[in-house]
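Below is one structure. I have some questions about it.
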Amino acid sequence: MKLIVAIIKPFKLDDVREALSALGVTGITVTDVKGFGRQKGQTEIYRGAEYQEHFVPKSKLEIAVPSDLADPVMEAIRLAANTGKIGDGKIFVLDVEQAMRIRTGETGDSAL
Amino acid sequence: MFRALKLSGVTRAPALLLPIVALSSPALAADAPPAPPAIDTGDTSWMLVSTALVLMMTIPGLALFYAGMVRRKNVLATLMQSFAICCIVTVVWMVAGYSLAFGTGTPYIGDLSRVLLNGIGAHIAKGADIGFTLGAGTPNAVTMTIPESVWMMFQMTFAIITPALIAGAFAERMKFSALCVFTILWSLLVYSPIAHWVWSPLGWVAGLGAIDFAGGTVVHINAGVAGLVTALVLGKRKGYGQDDLSPFNLTYAVIGASLLWVGWFGFNAGSAVGANGRAGMAMTTTQIATAAAGLGWMLAEWVRRGKPTVLGIISGAVGGLVAITPAAGFVLPGSALIIGVVAGVVCFWAATSLKHMLGYDDSLDAFGVHGIGGIIGALLTGVFAYGPLSATDANPGGISGSFAQFVSQAEAVGITIAWCAAASFILLKIVDLTIGLRVTADQEEEGLDMTLHGERIN
Amino acid sequence: MFRALKLSGVTRAPALLLPIVALSSPALAADAPPAPPAIDTGDTSWMLVSTALVLMMTIPGLALFYAGMVRRKNVLATLMQSFAICCIVTVVWMVAGYSLAFGTGTPYIGDLSRVLLNGIGAHIAKGADIGFTLGAGTPNAVTMTIPESVWMMFQMTFAIITPALIAGAFAERMKFSALCVFTILWSLLVYSPIAHWVWSPLGWVAGLGAIDFAGGTVVHINAGVAGLVTALVLGKRKGYGQDDLSPFNLTYAVIGASLLWVGWFGFNAGSAVGANGRAGMAMTTTQIATAAAGLGWMLAEWVRRGKPTVLGIISGAVGGLVAITPAAGFVLPGSALIIGVVAGVVCFWAATSLKHMLGYDDSLDAFGVHGIGGIIGALLTGVFAYGPLSATDANPGGISGSFAQFVSQAEAVGITIAWCAAASFILLKIVDLTIGLRVTADQEEEGLDMTLHGERIN
Amino acid sequence: MFRALKLSGVTRAPALLLPIVALSSPALAADAPPAPPAIDTGDTSWMLVSTALVLMMTIPGLALFYAGMVRRKNVLATLMQSFAICCIVTVVWMVAGYSLAFGTGTPYIGDLSRVLLNGIGAHIAKGADIGFTLGAGTPNAVTMTIPESVWMMFQMTFAIITPALIAGAFAERMKFSALCVFTILWSLLVYSPIAHWVWSPLGWVAGLGAIDFAGGTVVHINAGVAGLVTALVLGKRKGYGQDDLSPFNLTYAVIGASLLWVGWFGFNAGSAVGANGRAGMAMTTTQIATAAAGLGWMLAEWVRRGKPTVLGIISGAVGGLVAITPAAGFVLPGSALIIGVVAGVVCFWAATSLKHMLGYDDSLDAFGVHGIGGIIGALLTGVFAYGPLSATDANPGGISGSFAQFVSQAEAVGITIAWCAAASFILLKIVDLTIGLRVTADQEEEGLDMTLHGERIN
Amino acid sequence: MKLIVAIIKPFKLDDVREALSALGVTGITVTDVKGFGRQKGQTEIYRGAEYQEHFVPKSKLEIAVPSDLADPVMEAIRLAANTGKIGDGKIFVLDVEQAMRIRTGETGDSAL
Amino acid sequence: MKLIVAIIKPFKLDDVREALSALGVTGITVTDVKGFGRQKGQTEIYRGAEYQEHFVPKSKLEIAVPSDLADPVMEAIRLAANTGKIGDGKIFVLDVEQAMRIRTGETGDSAL
């Protein structure tokens, strides 16, 4: 099993979710995060005090999938989340040693 | 003789009281002591409402205005400051503050006749009511058409908001216990005396000829200067100029500024002490100056920084409210427009440039908005005052802007600044040496909500 | 004879109405039926404002006060409760509640003469207005200087806030449909009768000699006791005493408490039913008791828990507002200070110790603050009432504190508690057996916002 | 002759002014020009308060109502819209708007006599005050018991809220610069003329016999229709119908709706221009219609969608406030109940069905609530008007509902819609072609808070 | 060392924390997340616009433990977080190559 | 490639970001988290009900770096985030199997 970690632009979340559903992915966990990268944040000014906001809001998706689905999932995310503009985000793939469904105690791929 | 005295009394009395004098002058002019005047229900109604409006300025108005500008971890502590000051000053005012400010006394301080509000209910005479006479027994006495309890309450709300305004300067780093002690001392030793000097008919600053319709000096310059001193004594917040100190939720600040605006109608139009044309004019100039100042700050910012901000327009509006305060009942709408624009642009400069040039950390610009705005207003009142608005039978010319008036205004400003700065400094030092003024670095870092009050926004 | 009757009528009538009686007594004392009295625009102005202020107490005041104390998942549902109760009671009051409470009727209940507000507009006579006479045609009739529509509206806002207060006790677990039905029944069967007993000039509780300036019994004890009963019938929230039930955002609670404070000027000073000295005194005592109670709770907490909290100071302030309510127009400022301190400290104890000792889950302390605060206030009114404040020509001694008065107060408290507890219990059981009172465990867990209303804070 | 003219003048004059005419008619009926009338302090007090209440409707009321319905990224920008419109219209009104609307002029437009509020302070005559005469010098002149400055301020708050209401239609996508320019133009070219037509005693629409107590046409239909046109010209928000556009925090919307309700007492009861029985009746009908409409929407939703929502009940309440506005002083409580229920249910249908059927994106339902609610109210006023409420000595029958009155109402509605739609469309096109109306797609996506104002909620 | 990632129902957080404390776990990092899975979100309606909320609020726990504790920790979480109803969540196990305590610079198991 | 996961005190975020930028790290993803560890939370009291808050606010940083940068990055974080007081936090290192830049589709180290 693999854990796909994708950092995307927040407003692309629904597109990505749909693309993954179409692929048969049944579970996603999403976190609101702040990203620092090539895309720079903005300058905010409050009563003359400038704050360089280095971080931009992003959504982080974590998707555990059977190993063979890793590549199609990556591809689906790339297609759905791409705007061609800076700040589109990254996908990382990590190895998962074990998985368990809390409700049933099932483990392995069937836990996903 | 009485007339002559009366006349000069009028010229020098706080302008705030003029219309009342006028209304009651026929009675006063008689040789025999006048029969106790009756109250007017319309005037009393408006003053009851004005009292409620000015209280609303502090809680929740100012509480939100300030809380909306601090970081998440200090929001509740900032709300707490305004709320606790409201409670504390209520009791201080009741115990001695009112008596010191509005008891007849001497030109320098009131007396103790109203300690614990002793005798405040005497105006109720078997279901009827007697109007209040300020400075009773002196030649300058001013008779009102409202009962004393209403006058005392109206003035209490001014006494409350003034120290609450100071809190903007020391936000995010002052100990709560220090705040409590400082508020008590400052209210008795700075606010009450200055209120007496300026607003008692025998006050010595009033005697210098300065006019202040609703409290430009007593409230705003006073609070602004005390704020500046506090910011200097306390030092900057940790991370000032480096870390992100940006506001948690400006929504609160917008609610607060809006309620300040609405409540200020009680502050300014209420200072006519009656439901009359002068109240209407004060409301008019207040509205216009406020709007103009909001737009002034917004446009200055738009030009200088490329974007109009919501914090900017509300700050400007508050600056306009401050600046029109001493002028409200004395100037025409066109002058109010000018006062507003000047206040908006200059306060913008004070809060965004002056502060950084001088390098103090007046967290929420108590000085930049209230101090500077108040000074602008007090001085421009001496320029723009339009005689017919304050004309009475006894003083048919009213008070008009002139170089002499401008100088009087500057004197009053200078006196207020001097006393307030010196006394505030001494009080702060006393508190610092006894219980300490500032929270620890760790507390500041973790936030006052959790460390001082054990609460937080979830 | 009429005079004598009148006099005793005055002694026993709800104190709320005293000043009006006084003002109009010359007319009433005449043998011929008096000409319809004219309204006073100043008094009417103040009562229109007071009505707006008391409405503001419920929405958004109380709505926010309560919503600020619940968990994030129940914030909107809690706001919904106050808002919906406001709508529902408006209609109930219009349909029958007002008529049952203030129609002349018998000592036990009003009549149906004003059902659907039939005839309420009759006071407008071709552009002029007639003042309202409460209990018209009876020897105790009380004539007012405001039109009936204003009196009806002012009273409506009291009828609205009372059931809304109860909601604090059942927050986070009551079905919305149950709330709607319970509100209708309770308003008609508990609120209107008790209002009639206490505030109608022929009400039997008024006849016992108890005084209640602005609704300590009718509103606060009533709501507090109903809340206690509801909390007991409903049972505790899931996870009570174990899970983290801490408030989502106390900012809302601070806004709410502040607006309650400001609005309470309409509640208490408005209960003078005119813009006069008594209103001024009621405002004064309200302000002082509230501040003192806020500080009382805060200091008690500081001593006992090591930290002053913002939830504490605002809870204390509300407790003080409650406690001064029955006393506001009868006591001197010094007494108000004492009442406030006592209320602050005792409500602190009730909400933090008593509740845990007795083990009920009164989520937001409807009983601990309103019930206990109301009882303190009602009883202390009997101790501290100061005669000259309510003295009139017809009753030159006014009403003074005495042991006898204290006993009368206790009687009125006891009657209110007994009727309210019994009737509320029965109504709750009926609703429980028919549509059910409490949400399911799953709904409670997921939160009422999503499960009952399909909405949430993002 | 004068009487006859007067009489017809009364029949046709905006109903808003009836009671004043009545009160002053003895003076006016005399042959000699009447002495300048004195003000009434009670009436003035109430109008000062009403002005504050109506200002509070816009800031913070409407600002919060709208900000509570947008997405997090647009909350501050939405607050900014209301606040900036408040500032801008204040200045516009002062410079020329008031003069164009209420200067005597012709039936089609006022004059320039009050440009820059020239002469507005003339009512202060050495401490005494003169009541305002609207349309002075014409046979239809209406004399008031309040000074002109108060009348001007009261009307200013109406001029402020109207364009602020429009903002609901273009929320989340309009350029701030475009908003500023559009507001100035619209206020001068749409609002002021229509206000003159309907509310000046010589206005041509008033002459058609339509009655509008507090601004159903001038304020609500006007704003609603302008909103609809703006929504159509601007096009839908990105992602409309697809993305989650759900509100960030409905708490703000509930606070806003509550303050709208409270403030609306100033709007409607204030439109009696005095503290009298008519104000009391207007407050009564306002309260009842609002509650009924809130419940109407809530129940309709409960039936249709299975859940009552807090956004629903507050939207219904606002719809009810809108619908009762033209009727408030003319109808009995029972009729108010019916108007409320109809408004609640029909606005529910407009906002949830009609909008989707027609496919425009009126983000916050400026048209669905204010346009539709205003039309319902204006028409039903012609059905339910109850003569005795507006009867005077000069017009003993008052204005009653009838088919003829209904037709007059429909005419006024049609005229308002036609002028407003056409003029708004042209103004929008002009702004679009010059500086552009809509933000870029990127700005819309990132949110207006950051991109237009450089601020955000943390 | 292993990193146990558990997605659970938020109101189970306290139970799980206690269960883990009992096992001797000394550190947990918790994130508020939104989950998409078999448990469907609800429909929200705002003025007639229906928004299908696909995500439900969840809590994500990350717990780094010595390898031998991985199984007991999984088991403890399963027992504490189980309600038997859909949406109870998942547990994933990832391998941790290195760990360090910032305060002391300790590494390996002793850093946990 | 490695994924460095660091849990630090929130007010140290800017220092750490600067230290990492100095090292040439070009991307960081930050999450607001709640931590349970040796540093205990506080007791909150609301109307006499005590809530033991077991969690303290922390910031979690995730930084994907080429393997050879892992050690210097850990060291830089340690230096920048250290206050010497309890609760300073932890750093974990996980292996990343694959990375992709959404905008360009680049993979491997060049995706970072």
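All chains are identified by letter, namely A, B, C, D, E and F, in their written order; residue positions are counted from 1 within each chain.
Heads up, the rule we're going with is that a contact is a pair of C-beta atoms (placed from the backbone, for glycine too) under 8 Å apart; a residue touches a chain by one contact, two chains touch by 3 or more.
This structure is a prediction, so every number in the text was calculated from the model and none was measured.
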{"item": "Least hop count linking chain A to chain D through chains in contact", "value": "1"}
{"item": "Where chain B and chain C overlap in contact partners, by chain label", "value": "D, F"}
{"item": "Fraction-based call for chain F against chain A, same above half, different below", "value": "different"}
{"item": "Interchain centroid distance [CA atoms averaged], chain A/chain B, Å", "value": "54"}
{"item": "Between chain D and chain B, distance of the C-alpha-averaged centres to the nearest whole Å", "value": "33"}
{"item": "Chain A residues counted as touching two or more neighbouring chains", "value": "14, 31, 44-46, 94-95"}
{"item": "In chain B, residues with contacts to at least two other chains", "value": "40-43, 45-46, 49, 244, 246-247, 255, 275, 305, 307, 309, 311, 454-455"}
{"item": "Full enumeration of touching chain pairs", "value": "A-B, A-D, A-E, A-F, B-C, B-D, B-F, C-D, C-E, C-F, D-E, E-F"}
{"item": "In the complex with chain D, residue positions of chain C that touch it", "value": "39-46, 48-49, 51-52, 55-56, 59-60, 63-64, 67, 75-77, 79-80, 83-84, 86-88, 90-91, 94, 116-117, 120-121, 123-124, 126-130, 146-150, 152-153, 156, 176, 252, 255, 275, 452-455, 457-458"}
{"item": "List of chain E residues in touch with chain A within their complex", "value": "2, 5-8, 31-38, 54-55, 58, 60, 70, 74, 77-78, 81-95"}
{"item": "Interface residues, chain E side, partner chain C - complex", "value": "11, 14, 42-46"}
{"item": "Touch list for chain B against partner chain D, complex", "value": "18-19, 22-23, 40-43, 45-46, 49, 53, 71-72, 246-251, 254-255, 257-259, 261-262, 265-266, 269, 274-281, 283-284, 287-288, 290-292, 294-295, 298, 305, 307-311, 313-314, 317, 332-334, 337, 386, 388-389, 391-393, 396"}
{"item": "List of chain A residues in touch with chain B within their complex", "value": "44-49, 51, 53"}
